[in-house]
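One chain, subunit A, links the two complexes that follow: it is found with subunit B in the first and with subunit C in the second.
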Partner chain A sequence: MRQKVQQAVSPVFLKIEQLDEDKYGYLLVAPVFLVLGVLAFYPLVRTFYFSLQDDDLTGVHPIGEFVGIENYVQILSGDANAILTSPFFDLQAPFSSALIVTLLITGVSVAIGTILGLGMAIILNKEFKGRRYARTIVILPWSIPIVIQGMMFFLLFQPSLSPFVEPLANLGIFSSNPLISSQDSTIIIILIDIWRKIPFIALIIMAGIASIDQNLYDVAEVAGATKWQQFRLITLPQIKPVLFIGMIFYTISSMKIYGIVEASAGCSTVPTLTCLVVQTFRQQRWATASAIAFLTAVVIGVIIMVYVVRFREADAS
Partner chain B sequence: MSEQQYSGLTGRIVKYAIHNSTDVYRLGFWVGLVSFIMITLFPFYWLLVLAVTPDNQLYQMGIVPDNFNVGVFLTVVQEYPLHHYIFNSILIATITVIVCITLGSLAGYAFGRVDFPGKGPLLLLLLVISYFPGIAFLIPLFELLTGSLSILGTPTPDLYNTPWGMVFPFTMLSLPITIFILTTFYSQIPDGLEDAARVEGTTRLGALFRVIMPLSAPGVVTAAIIVFIGVYREFFFSFIMTDGSPENWAVLVYGILNFQQQHTQMYNMMAAASLIGIIPIAVLVILAQEHIVRGLTAGGLKE
Partner chain C sequence: MNNNFIYYDYDIQRMVRDSSGTHTSSHSSARALSRRQFVTAVGASGLAVGLAGCSGTGGGDGGGGDGSSGGEVSTDDLEYGGEDVTVEYSTAPLFGNIADTLKQAAYDAGLPESIDIEFSTTVWGADDLQDRYNQILSSGRTTPDFMLTNFAYTPFFAPREWLLDLTQVLGEEKLNALENDYSQVMVDSMRWDGGLYGVPQFIDIPTIQYRKDLVEAAGYDPEGENWATEPLTWEYFAEVTKAAQEEAGTDHGYTTAMNQRNIGSITGYEHLVTNGGNYFGDMTNQNGPIGDRPVTIDEEQTVQTLRQFRTFLYGSDDEYAIEGLTGGITPPNALGWDTSPSMESFNAGEAITHRNWSFAIAEYGSEENFGEDLGVMPYPYGVSESEAAYEGAGGTNAKLGGWHLSINPNTEKLAATVEAIKAMTSDEFYLTIFEELGSTPPKPGLFESDRAQEVDVMSRYLDTLQFQSQNQFAPPINAVWDPQKSAIGQEFHACLNQQKSPEEAVAAAQSQVEQIEEQES
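This part shows the complex of A and B:
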């Protein structure tokens, strides 16, 4: 049996053996790109195609006639708000419009999370007893299931259980049931996002710090530079590229925030962009949902462009 | 600067700080470290307190437990099929890891060790996928994997409520990072070792599986762990691709959410279930901390 199999496949192996370097390379990457072609590139194109069609709520297949950019016009002008569970963009109701809520969560979370992550990276980069354990502990929040991240904070802000809700309410920071208030819940979502992303950005920054030439610090030390000056003039410029990549990944991930919302306050309280797409999809409005999904991708693309331009400018000066 | 500026308690502290700056840095370091660890661990601690508090005492609990009801962990497993959800999660994550490592090794070898035109653009294409949010793939993937799409009159197989309905999207999401990690590790094996094997009569593919992969075992393990954690913690497709019952391959996401929706007051059970759900990940993190750190940075920094 074994011999038979070997006989059958050996011509194939012989063929592979005789391929030149280029063809061998293409042969090896072919399976991956075949899989990704079906599971990634085709869906991306089809999402865009869907977004140019009409919703069909009565047909067998939820996609109707070609309508061009009509869906986009309806969503951006606010005409689609009547059929959406929450508006895409409405300045009158900032905490219930998907784009504003998502941008707010992302902006605040990235700003605070990156600064704290930088702090954590500097601390965990020092040699000290038990550093291994400290590192193990701090990567836990990132690695646990998203549904549990949400559940933890859902339990932490349950008014009937939590010892914090009442004091926070007395201070006027939160209402007496923060998980049903859009404004309070948005703050809670930001807290969860910061809590779980600090380790991620800290690890990336640590890799950057580790690659800095130690001689630079020795020279600075001899020249009498204080620790703060060393940080500002050596560490910060040296880790800038790494920091920039880390912030891009952080931003992308916060822009698609969904699971922790579903597991804590719920999509009707904190309607993020992904929430809005899922809810619209569940109403069988595939075309409208695709248009919102595509708009989300565009918004993320624009933000990345802003980062790249800023980085280039900072690099040039 | 006159001495007068340093009078009073604050003044003395400032003066001390200026003259003993290393002590101040050391103090700042320890305060920072302890705060980070406390902030990190507090939600876990809170889950533990909540889990062990008997349910009739839930409403007057503080932040230190009065009673220890350890039995709650048994109840969660005996009365609810929590272990079934966790089993589904682990199985689906394992299948995804095997698929990704196999496909990713071929591509990682090509990107790391073979010279062919168009390598850069192809790697960039992989990176592009990780820029898109899950929702950009959702609807066509759902159509394709639930049998709603016909190709030449034959509908695609309906994979809703099967493990494959999740394995396919997870493979798509995990392949880019697998390839980035494996490319980095495979490219570091010296050419001489591979050549030696080839002289001995090993085929090219044989050299990949018998020489390169074993020599990059740490890299393969790193990629496998990163993919496993990524799938185990995933929410979006896990939530969409099943109806939520464990017989239909629902994963941990539903194991936790069903408590919230069906047993609304059983907060101690929710906490116990969450803690049990964390165990597989906690074990991995403790055993393979170095791998995770390396994988995250290798994947994140590959540009």
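This part shows the complex of A and C:
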């Protein structure tokens, strides 16, 4: 029996042994790709499959019959707005519109957070007394659980508890009760997102800066380059790959923002895409929730594509 | 660097030749694993993992399937043989925090000692619990065996067969008791399509809780006017609150939770009903037929209700204030409050009157807080029942609240679970949680029992609780209520936040609710 098995598999092994190095390498990593593919893509495919069915509110199973792209049409045309806790996309009410609110939070947060993170990374990379402690303190916001982060800001902007609300209202920056205003609360959520993500992006950039060959700066010094020129011509190009990766993670995380919203202003005040998915799922509209989740994944995918294309362009230039 | 790479490449090539047996090399001892061995080992491991995964999936499907109960319950399933068994009870911190006391109460109520109840304490909050049960029940898990449920879950879980129909397992005696001795609005809230999906654990009765000492100091006589069981009108209520607030110098007059989640479905709904209105005409229309029932939001009663709130919030200066109604008694901050912040404000002595569920009475009325200075009155009203536009509306009225016990249809310990449910819905158990937590019994008859009359704090307010429990309405219990209450809440909230006029808000809410009715009919 054993001999028969050996005879049967022997040609396969022989072929493997004759593979060139590239093919052998691909063979070795194939199982990992397979597992990752199943873990990453199966849920996405399954979500897409659900999104093509109808919601069944009264049947034994929450998924009804096949309706094709009907759910997508309803969501994108606004016909589904009535059953959604907030519209998916509505230019008439931008601060009630999940897609607009999410893109606004992501765009502003990633832009400001990355610039501040870059500055923080450069400062923390310099030698100064107490740098180790400064690095520990800086990373703290990132290590605090999301719910506590949300609660901190909730208390900070509660008119009856916080000493800051009234002065901010008097200055015209916020209304007297910012956590019930969609506009004010969106700004607050952006602030929280920036505050909690700066350490993350700063750490990634610091890793990039640490890998830059110091000789380059020495040569630049000798050549008479200013600090700005050193930053523009050495630091920035060298950290560009990690900066792009950091921004991609930052963007993905902000596009899926939920915990801090729920723990501070609430999903009814700041309706993000994930809020919409959770609330629709809670209503047992699994097909609609799947369609919104898939659309969210598509939007994230498109944004990442833009990043990748820009990165390639920058790299080529 | 390049040299290293060449050496590495050379070594690999040498090893490949070694493994094929065509060459020998001194390097063979350094790299003992050949490609053939490596691939064999990985293949065998992969096959084993794959088989394990397949067998696991098979088991999972068999045990859980789509999460539905399937099949009928046989008599054998219900016969508890006295064996040692532990049943898992998924509950909220309210009960989980006193698990030992409650277990003893269950044994005192007749639960066999061989049945152990494991309290699985989760989160507090109807939405969070619903999310958790959504996952557990849809995946067909066999545990928890039973759980604390809210009637808001009925339209979502019952059609899916995610809860066990208790008419199959409770027996005639218990079913008769549910029919005759319990608050029927509470029992009916767990009925669906002829089945019963929960037994009431406690009923929550909203009332107005107030500072009797401050009201008396302002010259009013709650005892003499029998506020405990004779509801005030909203006009008189506002006048009393304002006078006491000014006399005592408190920050606020009347506080309640008015955030978007609460305003359309709880506080605002209660005010509307006491003003004679309703969202769907008569109360008999609450659950449908969806699409064929009248939508009655854009009506004078609703506009008046929103104007009443705006008067309470902003006083007579507000553009839509009701002339002659005392106002400026509710802080605009309340528009961001859920139950907890609104409770804190009253507990801190910042308000005169406060709307809350009955559980809060035990806390406010304790000796550490207001003691006998706490008064409780039924909900005030705008129009009497006879003057109300719709049947079931008008007069004092408050939204139904409370929690139930439901059984996981996939439990493997059904007989023991039924025993546990019976013990935990006995009079003995109800009175224990009333004593320990102030959780009001869902059987009105128990209010008059000697034991209830002796319960510290709560016994002082039994008359009011009993009176209000006879004047409670159930909100719509169907799958379309969720988006409808959300739409109403958003519009009402925008109005109370002075972003929309009452007329605009009710018209928009009417339109959205009608649209949902049309889509879902």
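Methods note: the second predicted complex is superposed on the first by the 275 of 317 C-alpha atoms of A that agree within 3 Å, B and C clash if a C-alpha of one lies under 4 Å from a C-alpha of the other, contacts with A are read in each partner's own complex, and residues count from 1 in each chain.
Following the convention adopted for this analysis, a residue touches a chain if its C-beta (ideal position, glycine included) is under 8 Å from a C-beta of that chain, and two chains touch if they have at least 3 such contacts.
What you are looking at is a predicted structure, and each value in this text was computed from that prediction instead of being measured.
Engineer: With the two structures laid over each other on chain A, which partner does A:227 touch: subunit B (first), subunit C (second), both, or neither?
Structural biologist: In the superposition, A:227 touches subunit B alone.
Engineer: A:53 contacts which: subunit B (first), subunit C (second), both, neither?
Structural biologist: After superposition on chain A, A:53 lies in contact with neither partner.
Engineer: Could you look at A:31 and tell me whether it touches subunit B, subunit C, both or neither (first, second, both, neither)?
Structural biologist: both
Engineer: Which partner does A:235 contact after superposing on A: first (subunit B), second (subunit C), both, neither?
Structural biologist: neither
Engineer: What is the contact status of A:254 with respect to subunit B (first) and subunit C (second): first, second, both, or neither?
Structural biologist: Neither partner.
Engineer: Kindly classify A:61 by the partners it touches after superposition: subunit B alone (first), subunit C alone (second), both, or neither?
Structural biologist: A:61 sits against subunit B and subunit C alike.
Engineer: More residues of subunit A in touch with subunit C or with subunit B?
Structural biologist: The larger set of subunit A residues in touch belongs to B.
Engineer: Given the touch rule stated above, what does A:268 touch, subunit B (first), subunit C (second), both, or neither?
Structural biologist: Second partner only.
Engineer: Just checking: does A:246 make contact with subunit B only, subunit C only, both, or neither of them? Give me first, second, both or neither.
Structural biologist: First partner only.
Engineer: If we overlay the two complexes on their shared chain A, which of subunit B and subunit C does A:17 touch? Say first, second, both or neither.
Structural biologist: Both partners, subunit B and subunit C.
Engineer: Considering each complex separately, which residues of subunit A are in contact with subunit B in the first and with subunit C in the second?
Structural biologist: 13, 16-17, 21, 24, 31, 61, 158, 160, 278, 281
Engineer: In their complex, what parts of subunit A are in touch with subunit B?
Structural biologist: 13, 16-17, 21-22, 24-26, 28-29, 31-33, 35-36, 38-40, 42-44, 46-47, 50, 61, 119-120, 123-124, 126, 128, 132, 134-141, 143-148, 151-156, 158, 160-161, 163, 195, 198-200, 203-204, 206-207, 226-227, 242, 245-246, 249, 252, 255-256, 258-259, 262-263, 273-274, 277-278, 281, 286, 289-290, 292-294, 296-297, 300-301, 304
Engineer: Which residues of subunit C touch subunit A once you look at their complex with the stated criterion?
Structural biologist: For subunit C paired with subunit A, touching residues are 9, 12, 16, 19-20, 35-36, 39-40, 42, 46, 66, 68, 127, 130-131, 134, 138, 155-156, 159-161, 259-261, 331-333, 335-336, 341, 345, 479-480, 482-483, 486-487, 489-490, 493, 497, 512, 515-516, 519-520.
Engineer: Given the complex with subunit A, which residues does subunit B contribute to the contact?
Structural biologist: It is residues 21, 25, 29, 32-33, 36-37, 39-41, 43-44, 46-47, 50, 58-59, 61-63, 103-104, 106-107, 109-111, 114-117, 119, 122, 125-126, 129-144, 148, 168-169, 171-172, 175, 179, 203-205, 229, 232-236, 239-240, 252-253, 256-257, 260, 267, 270-271, 274, 277-278, 281-282, 284-286, 289, 292-293, 296-297, 300-301, 303 of subunit B that touch subunit A.
Engineer: In their complex, what parts of subunit A are in touch with subunit C?
Structural biologist: Touch list, subunit A to subunit C: 13, 16-17, 21, 24, 27, 31, 57-62, 82-85, 96, 158-160, 176-177, 179-181, 266, 268-269, 278-279, 281-284.
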